[in-house]
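Each structure below is given as C-alpha cells.
Next, two complexes with chain A in common: one pairs it with chain B, the other with chain C.
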Partner chain A sequence: MTTDKYDAIVVGAGHNGLVCAALLAKAGKRVLVLEANDQVGGAAVTRPFADGYSTSACAHLLYQLQPAVRKDLGLKPALARDELATIALAESGEHVRLDGNSVSGVSDEDAAEYRAFRKRVNRYADLLETYLNMAPPRLGTKDKRDLVTLARLGFDIRRLGKTEMREFLRIIGMNIFDEVVERFDSGLLKGAISLDAVLGTHLGPRSPNTMLTYLYRLAGGHGRMAIAAGGLGAVSDELAHVARGAGVTIRTGMPVRRIVVENGRVAGVETEDGTRFSSFTVISNADPKRTILDLVGARHFETGFARRATHLRAKGNAAKLHLALDALPEFRDLSKKELGQRLVIAPDENYVERAFNPAKYGETSPAPVVEITIPSLADDTLAPTGKHVLSAVVQYAPHALREGWSDGTKAAFEQTVIETIARYAPGLGKLIIGSELLTPADIEREFHITGGHWHHAELTLDQFLFVRPLNGAAQYALPLDGLYLCGAGSHPGGGVSGAPGRNAARAILARGIE
Partner chain B sequence: MNPTQVAQGRLHTPFHSRIAALDTLNNWHTWKGYTTPDALYCADLEYFAIRNATAVFDLTPMTKYRITGPDAEAYVNRLVTRDMTKIRPGRVAYAVWCDDAGQVLDDGTIFHLRPGEYRLCSQERHFAWLTAATIGFDVTVKHETADVAALAVQGPTSFSVLKAMGYPELGELKPFGLAHVDFQGAELMVSRTGYTGDLGYELWIEPGKAEALWDALFEAGRLYGIRAIGTEALEHARIEAGFLAAYHEFLPADETIRTGRSRSPLELGLEWTVDFKKPVFNGRRALAEEAKRGSTWRLVKLDIEGNKPAHNSYIFAKPKNNREAIGFITSAAWSPVCKQNIALGTVRTPHGKPGDTVWVEIYYQREMHWSRKMARATVVDKPFWFPERRGATPPGPY
Partner chain C sequence: MRTYDAIVVGAGHNGLTTAAFLARAGLDVVCVEKNDYIGGAAVSRNLYKDWIYSNCSYVCSLLRPEIFRELELHRHGLQVTPYGGSVTFMQNGDYFGSYHDDEVMYREMCRFSRHDADAYKAYSADTMRQCRFIREFLLSTAPDPTSFKPSDIRELMKIGGKFLEMSEDRMYETIRFWTMSVAEYLDEYYETDVIKAAFSGSGIIGTALGIHSPGTAYVLLHHYMGEVDGNVGSWGYARGGMGAVSKAIAGAFQAAGGELRTEAGVDQIIVKNGKVTGVALENGEEIRGNLVVSAMDVKRTFLNCMQESDLPSDFYRRVKNFKIRGSSGKLNIALDGLPTFTALPKGSPLIHSDMHFIDSMERMERAYDDWKDGTWSKDPYVDMVIPTLNDPTMAPPGKHFMSCFVQYCPHQIEGRRWTDAEREAFGKTVIDQIANYSPDFKDLILHAEIRTPQDIEDQIGITEGNIFHGELTMDQLLFNRPVPGYAQYRGPVAGLYLCGSSNHPGGGVMAAPGANAAREILADLKRPNTVPENFGDD
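On to the complex of A and B.
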C-alpha cells in the first residue's frame, strides 16, 4: 500500500527528529515524522513507572538545549527549577556545593582555583558551542564553505591568545583525571568534575577524551541545569506542538521496518504494518548503526563504509533508576531546599575510575557513581501529594553484561544502587514503594538505541566533529542519495541539545530537497 | 598441507615433484609462499612454447577464494565494478575491484562455477576485504588456494593436447567459458582462460590428483611440443597481451601510503569493466565523480622505435626541452612474436591518447658504459598480440 508523497520523512520523533522536522516545515517542506513508540520524544519522555508516579525516562535534566535551537523554534520550556547546584555528597555530611562558577565546602585555594578553572573551560566551551551549532567542515576538500569554516576554526583557536591556545590544544585530547588532580585538593570536588566528564559514556576519568566530554557538557549555557516542568517529556511535547504548528505530520506507534532503496537512492520508508510512505528524502533520527546496518542494510553501501559503521563504538554504560517514595527521603546534613538540587555520589576521582574498571570486563560497578534528582520537589505532577520520585543516573552498567541482563542481575544491581544511595540517605529503603531500573539493554529495547548509548555513538575525538559518527557521513548526508542522519550519533552528539537536528535541517536545506 | 596448519618455510605445490624433475637451472623464487621456478631450462625457449606449442605453468599459488551462499551473486556484484548478473553459471569474468575511493585493490577472474557458487582468483590476498564485504550478505567466503591445484595450459596446440587427453568436447568451450569433466573419478574443471593472450586453458583439480593430471597431460602432449615453463616466460607473454600486473601497472590501493600512488579502473583503461548502471558497487560514487571530473592518469600501450627495452624509463611529451616527465614505463619487453619494442606505461592526462606520439628515455649499457636514447613511441589501442585462434571456437587443429 502506498500513500501520498512527502518532501521528507523523518524516522523517529526524538527531540532531534522533531527539531529537524519543524525547521524543514518552517522552510515550506511537507514533512512526515514516524515514531515507533506511542509517545513523541524518543528518550526525552515523561512516563509512569509506578502507580501514580512518573518521571523523565532517560535524560532527566535540561542543560544543553542550544540557544540557537530555542531561538529558531521560539521554544520556551517551562522550568520547575532553574540553575540547579550540584551537591557532591560526603558520607560524613561535609558536602561540597558547586554552584555555577563557585564552589563551597572546600579550601580557599580550591575555591579560587575552581573559579579560574571554570573561567577557562567556559571560554573553551564557548568556542566549542559555535562549532556544535554548524555542520562540521570536511577535511581534504576544495569546497569553499568547508575551507572557510576550517579557516575560521583555526582562527578562532588562535584568537584565544597564544597562552590559551596552547592550553586548549594541550588539554583537548586529555583526560579529566590529570586535570583535576593537578588543580584541586578536595576529593569531592575532583569526583564531581570527573563524574560530569564521564556521564553517559563508556569512559572513566582516566580515559583520554574526557576533557572533551566535559567541555561538551558546558557548551551552550556553561552547564546550567534545569528541571523541566512536567519532565523532559514536556519539552518534547512542546517541540511536537511547534512542529505540528509548522505543518509537520507526526504519526506515533508507527515503527519503521526499513528505509526503501530503489535504483541506488532512497525512495521512502516501510513501516512494520507494511505501509509504504514515499519520499526522496529520508532523515533518520535513529542511531547510525541502526540506520545503516538495519534500516537500510549494509549491502546498499560500499564495503569500506559498511565496515566502519560496524566498528562504530556505541556501548552504553549508564543505567537509570526510578524510585517511587512514600515520603521525602532524608539525606544526612541536607536541607529540603538542597534536596531539590542535583546530588552526586562520586567521593573522589579514584572512586569514579574504580567504578569504571569492572565495566571494561562486562561487569557492573560494586560501588557505582550516581547522579540523583528528586524532581517531585519542584514539580507536583510527578507523584501523589506528599510522595516523591527519585530519579538517578547510575554508572557503570555495561550494555553487554557478561552474565547477561536478567531479572536476577537487574535486581542485584538495583539493590547495589539503593544501598549506595542509602549510605547518604539512611532509611531510604523503607520509603520505596515502587521502582524501575532501565539498563542500557532496556534503553536499547524500549527506545531503539543501539547499545543504549546516550550519544548513539561514543563521544570521543575519533568519532567527533569531522568524523562523527564516521568518516563519509559527517555532514548529515550518508553516502546514499537522499538519506540523512539527524540524531545524537551525528555531530555534535547526544544530550537534549537539539543541535544535531538543527544542523541537519540546515545542511539538508542547503543541499536542496528533490 | 592441512589448511589449519601454519606453513613453515617455503611451500611446495602438488606439482612440485614433476616440475623439479624437469628443472635444469635451479632458479627459484617465492610466489605467495610457494617455490616457483623463474625458468626451468631457458626462459626464451619457454616463451616460444607459449606462442608456438603448449606451455604448462603451475598456477597453484595464485590466490583463490570460494564464494557461496544465497547472496553470492549480489555479493560479487557489489564487490566488483562490472555487472556480474550477466555472467551466467559456466562463465568466467575478468573483473577489478576497488575500495570506496574508487582505487583498484586488485584484478582477477571470477568463475561462476554453478548457480550461487563462485571462485574468485586474484593476484594478491584479500581475505580481510572480502570478509568485510560480506557484512549484510548471506554469503560465505573461504580461502581455498591450498585446496585447489591449478595449471595453465597455453598455446596454439593446447586444445589438441586436451583432445588427445580424451576431452574432444572442450572444443565447444568458448573463451571465458568453463566446464566440469571427469578425470580418473575426480572432477576436473577446465576454463578457457589465461594470462598469455593466446589460445589456452586453465585446469583445476583436487591436490591429490595433481601429479596424475600432470602425467596425463604431458603424455598426451608429447607430440604437440608440450613444455613446462617458469614465471619469466609468462611475464613476457602477459606484456604482449597487454594484461596488468599488480605492483607494475598498479599498486593495490590498500598497500599505498602516499596519496596519488593508486590507480582507478578508469586510469587503467578498464572503463569497459565499470558499469554505472549498477546502483551500488564498491567505488561507484568516487568513480562517477572521476568520470565527470576527468582522470589524472592513463595507462598506455606503447610501440617504441628501436629494439632496446624501455625498462624503468621516463616518458616525455617532446624529444627535448622537457620541463618534466609526463609519466613512466611500468612493464617493457622486446616482443619476438610481434617484432616490436613494446611497453606498458602510465602517463598524466591529457597525454597518451591512442595515436599520440610520446618520447621514451631509454638508458642502456654497453661494456660498462651507459648510453641514453630518446626513442619515439606511438600509443596503440589494441593488445600487441591478439591472434585469431584466441577467439576461435572450436579452436583449430594446430
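On to the complex of A and C.
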C-alpha cells in the first residue's frame, strides 16, 4: 500500500525530530513525522506512572533549549519554576547551595573561587554555543563554507586572548576531577560540579574529557535550569503544535520498520503495519546505530562505515526513579521552598568516582549519585492535591548489567536508591505509594534509544564535532542519498537542546530537497 | 671565581644530552648531580654482590637514533641488543604469546580467534601510522598556538601540513585516536579478552589512568614509536644495563670538554635582578653561570629550588597544579637461576620476552581502582623481563637479573608516607603474582630491591617518582607541556631553561627534550646549532 509522497519524512517525534520537521515545513516543505509511541516527544514526555501521578519520563529539567531554537520557532515554554538552585545535600544538614554564579555554605575562598571559575567556564561555554548551533565543518575539503567555518573557529579561539586561549586549549581535554581539586576545598561543592560533568555519560570525574561534558551542559544558557509546567511533555506538545501549525503531519503509534532503499538511494519508509510512505528524503531522529544498522541495514553502506557504526559507543548509565508520595517528604534542614530546587547527592568527587567504578564491570553503584526534583511542588497537575512526585536521575545503572535486568535486580537497585535518598530524608520510605524505575534497558525498549543513552552516543572527544557520531556522517547527511540524522547522536549531542534538529534542518535545506 | 657559560642541573640522560650538545657548540659547561653516580633514572647499579641492576628504567627503545648517531654513542660504549615479543599468562593455565614473526603471530592469535588474527594486520598498520605521524615532531619544539612569531607559525603549518596530507577519513581517525581510550581502541579490532589485555598494558604504563580513561590510546604510542637499529617499534637492552646509555652520553659530553660533578646537589637556583646567576649547592658552595638548565622535573625545579617571589604568580600556580603522579613501582631481583614458567612449552622463546600476568580487561581496570583508592594494586599489572638472558654481563654465569615494572603503585598510601611494612607487602604482592605462574621462582630469589614511587622520589629526585616527569594527558602535551606559554624549554626567568622529561615530547629514555632544549638555547645565544635534524621516516 502506498500513500502520498512527502518532501521529507522524519522518523521519530522526539524533540529534535519535531524541531527539524517544523523548520522544514516553515521553509515550505511537505513533511510527515512518524512516531512509534502514542505520544510525541520521545524521551521528553510527561506520562502517568501511578494512579493519579505523572511526571517527565526521562529528561526532567529544562536547561539546554538553545536560544536559537526558541527564536526560530517562537517557543515560549511555560515554566513552573525557573532559575533553580542546586542544593548539594549533606547528611549533617549543612548543605551547600549553588545558585547561578554564587555558592553558599562554603568558605569565603571557595565562594570567591567559584565565582571566578564560573566566569571562566561561562566564557568557554559561550564559545562552544556558537559551534553547537551549526553543522561542524569538514576537514580537508576545498569547500569554501567549511574553510570559512574552520578559520572562524581558529579566530574565535584566538580572540579569547593569549591567556584565556592557552587555558581553553589546556582544559578542553581535561577531567573535572583535577579541575575541582585544584580549585576548591568543599567536598559538596566538588561533588556537585563532578556530578554535573558526568550525568548522562559512561564517565567518572577522573575520566579525561569530563571538562568538555561540563562545558557542554553550560552552553546556551549557562546551565540555568527550569521545571516546565506540565512536565517536559508540555514542551514537546508545544513543539508539535508549532510543527502542525507550519503544516507538518504527525502520526503517532506508527513504528517505522525500515527505511526503504531503492536504486541506491532512500525512497521512503515502511511502518510495522506494512504501510509504505514515499519520500526521497528521510530524516532519522532515531539514534545512529538504530538508523544505520537496523532501519536501513549495514548492507547499504560501505563496509568500513558500517563497521564504525557497530563500534559507536552508547552505554547508558542513567536510570530514572519516580516515586508517588503520600505527602511532601522531609529532608533534613531543608525548607519547603528549598525542596522545590534541584537536590543532588554527590558528597564529594571521590564518591562520584566510586559510584562509577562498578559501572565499568556491569554492576550498579552500591552508593549511587542522585539528582532529585519534586516537580509537584511547582506544578499541581502532576499529583493529587497534597500528594507529591519525586523524580530522580540515578547513576550508575549500566545498560548491560552483568546479571541482566530482571524484576529482582531492578527491585534491588530501586531499594538501594531509596535508601540512599532516605539518608537525607528519613521517613521517605513510609510515604511511597507507588514507584517506577526506568533502567537504561527500559529506556531502550520504551523509547527506542540504543543503549538507553541520553546522548544517543557517548559524548566524548572521539565522538564529538567532526567525528560525531562517526566519520563521514558529521554533517547530518549519511553516505546514502536522501538519508539524514537529526537526533542527539549527531552534532552536538543530547539534552533537550533542539540543536541537532535545527542544525540538521538547516543542512538539509542548504543541500536542497529533491 | 669562574663563571660557566651554562650549568646543567641533574645528570640524567636528558641533562647530559643538553650538556653534550652545548659543550659541542664550544660552551663552557658543567653538569651537576646530587647523587654519587650519574644517570638519574637511566642507571646500572651494583646493589647486590656481582649483579648489575637496571634498577629504574630497564629497556631501551625510544632513544632517538638521530642523537645516537650525532653523539656517536657507540664510540662511548653504548650497544643496544634487540629483543622482542611478550607473553601474557592466563589464569586457566594457558598463555598468549606475542611474536615478531608475523606468521608465528598469526598462528598464535588463531589459537584464540581467527577474527582477531585477521584484525592484527590492520591494527598494526593503523597504530604504526599514528606513530609515524607523531615521530616527525619529537625532535622539534612544540609551536605556541597563540604566537605570531614566524618560527611558531612555520611549525604549526608543518603540523597542519602533515595532517592535511592525510585523506579526510584518516584525519578523523587521527583525531579519534588522540582522544579515545586504549580499551575502546582495542575493542575496534579484537574480540578476545586476553589479546586485548595483552595489548592494553602499553596504554597505561607510567600514567595514573586506567585502560578505559580517554586519552590512553595515545600513551600506547609512547611505547610503539621507538626503534632499535632502524626497526620501528622494536625494543632493546643496553649492554651493561641502562646506565650504559647515560655513561655513553656523559662520555660524549666529557669528550667535548664538559665538566661533570657528582655529589653536588643543588639547593637553590640563584636569581638576581630578574636573571639567573648560578646555583647554590647543598654544601653551601656557589657555582656561577650565565645560564642554568634544569633537567629536574618542573615541580622540583620551581617549587623546591627557586623562590616563589622570583616567579610570576600565575606560572607558580600552574606548576603547583602540574600533574605528576606516581603510579608505578619497581622490583629488581637477583636470581640464583632461571625460573621456569609452567605454561610455557620447553624451549619457548617467550622466556626472553616481556612477561605479563593479567589476562582480562576487567583485571586491568580493577588494578587502577586500587590506585584511585590510595593503595597499590592487589592484582597488579607487571611488566617483567630477564635481561640477563640477552646480556650476560649483568650477573654471574648461570645467575640472572629480573626487572619487574609494576602498575599501579601510588606515591603515598592513603595520603601519607609508606611504612616499611607496606613496602614489604607491596613486594610480596608482586612476587606472589609471578609465583602463581612459576613454582620455583620464590626459591630462586637471592635479593630483591623494592621501590615505590616514594623511594624513587627520595633517591632520584623525581617528584612523586613519576617516570615521565608528568602525566601524558592532553592538557599536558605539546604546547601545554609543562605549562601553557612555557612549552619551548625557556623558564620564566632570564637565563633559565628546562630540559627534562616534563617538557615536550615527554618521558621515556628518549633524549628528545634534552636535545630540543639545547637547540633552543643555542638559538638564543646565536651559536651554531649542534643538534641534529629529525631524520623523519627514512
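FYI, the second predicted complex is superposed on the first by the 514 of 514 C-alpha atoms of A that agree within 3 Å, B and C clash if a C-alpha of one lies under 4 Å from a C-alpha of the other, contacts with A are read in each partner's own complex, and residues count from 1 in each chain.
By our rule, a residue touches a chain if its C-beta (ideal position, glycine included) is under 8 Å from a C-beta of that chain, and two chains touch if they have at least 3 such contacts.
In this text the structure is predicted, and so the values were computed from the model without any measurement.
When both complexes are overlaid on chain A, the residue A:A298 reaches chain B alone and has no touch with chain C.
After overlaying the two complexes on the shared chain, residue contacts for A:G472 are found with chain B and with chain C alike. Look at A:P384: by the touch rule set out above, it reaches neither chain B nor chain C. By the touch criterion defined above, A:N263 reaches chain B but does not reach chain C.
In the overlay built on the shared chain, the residue A:G93 is in contact with neither chain B nor chain C. Of the two partner chains, chain C is the only one that A:N357 touches; chain B does not reach it.
Counting the residues of chain A touched by each of chain B and chain C gives the higher count for C.
Once the two complexes are laid over each other on the shared chain, residue contacts for A:G408 go to neither chain B nor chain C. After overlaying the two complexes on the shared chain, residue contacts for A:A306 are found with chain B alone; chain C is out of touch. Chain A residues in contact with chain B (one complex) as well as with chain C (other complex) are 472.
Chain A makes touch with chain B in their complex at residues 261, 263-265, 293, 297-307, 310, 472, 479. Across the complex, chain B meets chain A through its residues 71, 74, 78-79, 99-101, 129, 132-133, 135-137, 278-285.
By the touch rule above, chain A contacts chain C in their complex via residues 138-141, 158, 162-163, 165-167, 169-174, 178, 182, 203, 206-209, 311, 313, 350, 353, 357, 360-361, 460-463, 466-467, 471-472. Within the complex formed with chain A, the chain C residues making contact are 145-146, 164, 166-169, 171-173, 175-177, 179-180, 184, 187-188, 209, 212-215, 314, 321, 323, 362, 365-366, 369, 372, 473-475, 479-480, 484-485.
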